[in-house]
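These notes are about the structure you will find just below.
Order of writing sets the chain letters: A, B, C and D. Residues in each chain are counted from 1.
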Amino acid sequence: METLFFLIITLVAIVSAILVITCKNPINSALSLIMTFFCLATYYVMLDAPFMAAVQVMVYAGAIMVLIVFTIMLLNIRIDASKKHSHKLIFGSIIGFFTLLNIAFVLMRSRAAVPTGPYSGDMIKNIGHTELIGKEMFTNFLLPFEITSILLLVAIVGAVILAKKKI
Amino acid sequence: MSNVLSLTTFLPILGVLLLLFIPKDSKGVLRNVTLAVTIVTFLVSLLILTGFQTNAEFQFVENVPWIAAGPFIMRYNIGIDGISLWLVILTTFIMPIAVLSTYTAVEEKVKEYMVCLLLLETGMLGAFISLDLFLFYIFWEVMLIPMYFMIGIWGGKNKIYAAVKFFIYTMVGSLLMLVALIFLYFKGMQAGITDFGLLQFFDLKLDMATQIWLFMAFAFAFAIKVPMFPLHTWLPDAHTEAPTAGSVILAAVLLKMGTYGYVRFAIPLFPEAAHKFAPFIATLAVIGIIYAALVAMVQEDVKKLVAYSSVAHLGFVMLGIFAFNTEGITGGMLQMINHGISTGALFLIVGFIYERRHTRLITDFGGLSKQMPVFATIFMIVTFSSVGLPGTNGFVGEFLILLGAFESQLRWWTIVATSGVILSAVYMLWVFQRVMFGELDNPKNQKLLDLNAREITIMVPLVVLIFFLGFYPKPFIDKMDPAIKKLVAQVRVASVNAMAIPCVDPTQMPAGVPASAMPPGHPAVNMPAGHPVVESPAAPVANPHAAK
Amino acid sequence: MFDKVWLIPLFPLIGFLINGLFGKKIKNEAVIGGIGTLMIFLSFLVSCGILMQMIGLPPEQRVFEKVLFPWIHSGNFKADMAFLVDPLSVIMLMVVTGVGSLIHLYSIGYMHGEEGFYRFFAYLNLFCMSMLLLVLGSNMLVMFIGWEGVGLCSYLLIGYYFHKKSAGDAAKKAFVMNRVGDFGFLIGLFTLYWWFGSNHNIWTINFVEIKAASHLLPFGGVVTFATLCFFVGATGKSAQIPLFTWLPDAMEGPTPVSALIHAATMVTAGVYMIGRMSFVFIKSPETMMVIAVVGAATAIFAATIGTAQNDIKRVLAYSTVSQLGFMFLAMGVGAFSAGIFHLMTHAFFKACLFLGSGSVIHAMHHALHKIHAHDDAQDMRNMGGLRKAMPITFITFLVSTIAISGIPGFSGFFSKDEILWMAFANSYHGNLNVVLWGIGAVAACFTAFYMFRLVFMTFFGECRINSKAKSYLHESPLVITIPLMVLGALAAVGGYIGMPKILGMLPNYFEHWLEPVFALANEYGSTYAHHGAHPSHAIEWGLMGLSVVIALIGIAIAFTMYVKNTELPGKFVAAFPTLHRVVYNKWYIDELYDFIFVNPCKAAGQFLWKGFDVLVIDGVVNGVANVVMGLSGIFRYVQSGYIYNYAFSMALGVVVMLGYYIFK
Amino acid sequence: MENLNSYLIVSAVLFSIGTIGVLTRKNAIVMFMCIELMLNAVNLTFVAFSRYLGNLDGQIFVFFIMTVAAAEAAVGLALFISFYNNKESIDVDDANLMKW
């Protein structure tokens, strides 16, 4: 049952991903991407990471994609105007293919390490994913976490300055 | 008081911070603030002068750890001795003058210009006071950048070419120096030296081949900066294109980096190699003197002429330094100051007439004496200072250089170099005649105004110094004398050691000392107190792994 | 009084500063000129005081050194700002300040109404200061300050009329030629310093110390080199062959300048310097011979040129060169005191001659100006018959001319005859002495000839000036004639203090006075002089008579050619056109120098700049840059500028690199 | 829960698709979306490994990547807007200032 579910999700994810890169209209691409993000959120749930799934939906599907769609609409871009990109398509596909090949070879030839961490599935279910993540985040990763705030601040300032017409 | 040296060096940087808060349109404020900063820096540097004890030791030393990256340990190690003292003072002295000279010359991007000037000052001061090889290298490069912008942004018609040429020329040299510096450091590590402190390297014994290679790298870098004969072509271009203040600083201070580098680094670090190369470098210096004088003679652009005269003057300095005796090096050091004053003044003078007429071609002038008597007087004084007339500063330095070189084994070089004295008179007087004498026939020249109060204010300190140094150079010589004596002893001790190596000619022994007093291979003779007795050069180097 | 010696150069310095800095504001000519003259006169008074004191001292105590302040001390080298007072420098002090005061006074009148009046007096005072430094310097370096300082003032004063190109050129030429001499001086200084230092550990350039150590110097060898170098210095300053061409050109300066600098004082610096270091020069027989030969050659050579010049000042200039040649001849044959004696008498009569010519030019200029004529006021062909218009000038001029021609009873006779006699009698140079005497005698004949030619053309005969201007000719004012009269009197009687022994009327005070200075040199000289039979009194009388006869012959020829048969010179020129042209054009020496030195230097400069600097060195530099640029021109095709190309290559790179690690 | 490999394969496929998209599309916004897709593929790997190894560090990383992606989106889109204001186009071929 779960395998079937996984396969369906995978199918949806890959198809919508392909749609992202093939749709002429950027809006369609964006909508397909949102679809992919939802699929990924589903995977996270399946991987016992509900908090990540929630963040995925909120940040990616919610915030970032809204931003993108908003930009597309703001700029009023309809159709990808350029026609001639056939040679690019071939090259791109070859490189994509080889990327896939590389990864496949890595997967085939490598062996995953033995699980060592303390966080088993049961533990996550008992204590709660959010709490665990939270503890980890605000203890071991406190400094990086705080620094992300600076990163975001910089990004905000940068975005404001860049988007202004005349500085 | 103890860190007055750091204060002097970094005051201009504080000035830069101050400038950042001044809107770019208020040019007057920008200029005045910069002027104030440079004057304050000069005043602070006078504290160094008054606090300086006349002895051979480094003073005002500050030595704190700075960067420790793996095997490399760089320290913020600064200090000053008689050799660098006057160059620091010269720098801080020239800067207000340079700033003042830009009041009307630079109208665009004033803020940026002033920032460049102040950064340049920090770079120059830092290079003079560094006692850490790596720190020196950093300041050495820091100087380069503001100067590059000054030529490239505020320069003349061909500014980009000149700026790039200046930058790349210097860069080639300094990269070689960087390589040599790192190599030297590893050599030092094998002998147990743990950081880049210059003083420790003085005691490092290197074998001849290493010394020669390292000396060549250092000498090449410094020779470009000096600039010495075949490597001088960046200078006329840079000078002609640079704005007046840039030229003044370039001539007065930046070129001294090269000669200072020889005195502070290349020679005491690699004394034997320096001795070996002395005839070669003296030859280049002498060629430079004659060559630059001949070329200067036929220049059509006043500024280019002055630039070539710089090459000739610096040739004298090099000759004096490579005499390896007190007189020669004292003369060389004095001549550095003198050249800073008189050539700086010459560039200012060229700047004055350029501002008025927007041309520097000699043929466009003539008879200006009639229209500009004050200017004529000052120009004449500076001209004769540049020619080296006794009673002006130029003479004292030139004379000591020639005297020192004549005493050393560079006798024949000296005789040829002395003829440069004639040539310098020829080209300087000729240009003076063509610009100032003759009929005032060009209608554009007939309306020229004489120097205004600001310009006279700029020139007066220089003129006063020209005469002061000419008639009473004693305070200057006295302050630098112990340090130079120490340097001479250091170099001489090394050359005595080198006598054990067969490739060094035993006639290099200093004249006047009876030969019996100095048996070959006996290193302890003449060694100043505190100088560690070095094992004979044949002894194996200390365990290479000891440092680890 | 000796202690106050520093006042002597100080006064002119004060004058220089006052006139130089504030002269423009003072404006009043009487004040400016008064300050200038007063200052040098004060120096004269101090010099007199020193002379008086020195006369009262026994000869061996007549040396005094005054250290003002340490100047350059470095390593072994020590040079103080110090003054040396001894009989030689006192003589020079008297000449410089004495003649100097008179010429200052004269200048007040002569320079009246000139634009840069204050500038002139400032320079003149500066000159006096430099000259006094030169004279007083107790070591070579202080002497060298003065040495170059006078060169500077000469430059400034020759270029006084700077708007004239010829003046600027002449000034530059003078300075550069002097610099050639200074080059020699410096090398000589270095050599002596180095030799004493490295061989005897005596590191000194002080005259007294060198004198004390001079017994260590070898005869010939390094001393020859050093002294020859010094002599090059002397030829530059004193306008001897080969560096004499600047002096005639220096006549571009105002006439008082010519009188003071280019006749009486500065140009004699070379002679003074040799006298000051006689104990070194005498150690080298070769140098002595060179000096004597050069001196004699210059004497005759300049005299020949002098015969053909028409510019009144140029004749005097060549005469100066010629007389300086006599002085060097004296130095070269070891007759040091005779040389200095001639220096002094020459200062009197030549200053007088120049000032007299200045007076003439002044009058001529004034007259020509009145009628707005543009004739050359200095050309003797425009003059003639001036003796009626300008009696005082004429008389003083005539007295000086007689003096320079060597007519007995006048100062020039005593000094010149002494030189000729010493050239004959002093046997340093073997049989060359006869030749030297011969050349000297012929030069004396020429001297008499051209000087009287000058007098005849200027003061006798018909007045050739524009007849309208004639009425405007009149005698110069008192301020000009007083110096003329004083100098004329000195030219007449100044020689009696150095009367030759043989005449026996008065003792030779002069030689006696300088005895302590030159005794050592004469002692060294006697070690290699040929001890032949000393010429007898009869020979001395004979030679003296002969030289008088020679002078009279010269005068007679001049009289015939320029008073009696005034068409003779024209015929002579027609008969020997080439000779006249060559002599008139100063033997084409200037052109020769242009050809040998000046033009090659310029050409070399042009070649080195355009050919070597720009083509070769910058060619290499730019060549390297061009190679790099060419290569990058090829490689830049890689950089298409399209984002997807970069993205491609990046992705490709990642894939390939990953692939390498995965598949390897 | 599926085994680790299946997630990794999905992630690889998504990553490759993203790569192809970045390389083939000219619309800057679409390219940007493809980059987001690639980032998400990586995120999936992180989470999968994190779960497999029983170590939460991977998920923390994902969190940071999301932050970076958000910042990137803000700045990147601002860039596009300003680019569009200048060039009236969002096509990367028009970003040709670096072209020789």
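Criterion: a contact is a pair of C-beta atoms (placed from the backbone, for glycine too) under 8 Å apart; a residue touches a chain by one contact, two chains touch by 3 or more.
Bear in mind that the values here come from a model prediction, so they are computed numbers and not experimental data.
K.L.:
Does A-D or B-C have more contacting C-beta pairs?
P.N.:
By number of C-beta pairs in contact, A-D is the larger.
K.L.:
Would you identify the chain whose Cα-based centre sits farthest away from the centre of chain A?
P.N.:
C
K.L.:
Rounded to a whole Å, what is the gap between the Cα centroids of chain B and chain D?
P.N.:
56
K.L.:
Counting only Cα atoms for the centres, state how far chain A is from chain D in Å.
P.N.:
7
K.L.:
Distance from the CA centroid of chain B to that of chain C, rounded to the nearest Å?
P.N.:
38
K.L.:
Counting in whole Å, what is the centre-to-centre distance of chain A and chain B, each centre being its mean C-alpha position?
P.N.:
Whole-Å distance between the two chain centres: 61.
K.L.:
Touching at least two other chains at once: which residues of chain B meet that condition?
P.N.:
Not one residue in chain B touches at least two other chains.
K.L.:
Among the residues of chain D, pick out those that touch two or more other chains and give their numbers.
P.N.:
19, 22-23, 26, 93
K.L.:
In chain C, which residues are in touch with two or more of the other chains?
P.N.:
Residues 644, 648, 651 of chain C touch two or more partner chains.
K.L.:
Where do chains touch, given as pairs?
P.N.:
The complete list of chain pairs in contact reads A-C, A-D, B-C, C-D.
K.L.:
Report the residues of chain A in contact with chain D in the complex, numbered from low to high.
P.N.:
Result: residues 2-3, 6, 10, 13-14, 17-18, 20-21, 26, 29-30, 33, 36-37, 40, 43-44, 46-49, 51-52, 55-56, 59-60, 63-64, 67-68, 71-72, 74-75, 77, 80-82, 85, 88-89, 91-93, 95-97, 99-100, 103-104, 107, 112-113, 115-121, 132-133, 136-137, 141, 144, 148, 151-152, 154-156, 158-163, 165 of chain A touch chain D.
K.L.:
Chain C touches which residues of chain D in the complex?
P.N.:
Contacts found on chain D: 19, 22-23, 26, 92-93, 95-100.
K.L.:
Could you please specify the touching residues of chain D with respect to chain A in the complex?
P.N.:
Chain D residues touching chain A: 1-2, 4-10, 12-27, 29-30, 32-34, 36-37, 40, 43-44, 47-48, 50-57, 59-60, 62-64, 66-75, 77-82, 84-85, 90-91, 93.
K.L.:
Please output the residues of chain B touching chain C within their complex, sorted ascending.
P.N.:
Spelled out, the residues of chain B in touch with chain C are 165, 168-169, 230, 232-234, 236, 291, 294-299, 325-327, 330-331, 367, 369-370, 373, 384, 389-391, 395-396, 399-400, 402-404, 406-407, 411, 414-415, 418-419, 421-423, 425-426, 429-430, 433, 436-440, 471-474, 477-478, 481, 485, 488, 511-512.
K.L.:
Sort out for me which residues of chain A touch chain C in the complex.
P.N.:
So the residues of chain A in touch with chain C come to 88, 91-92, 95, 98-99, 101-102, 105-106, 109.
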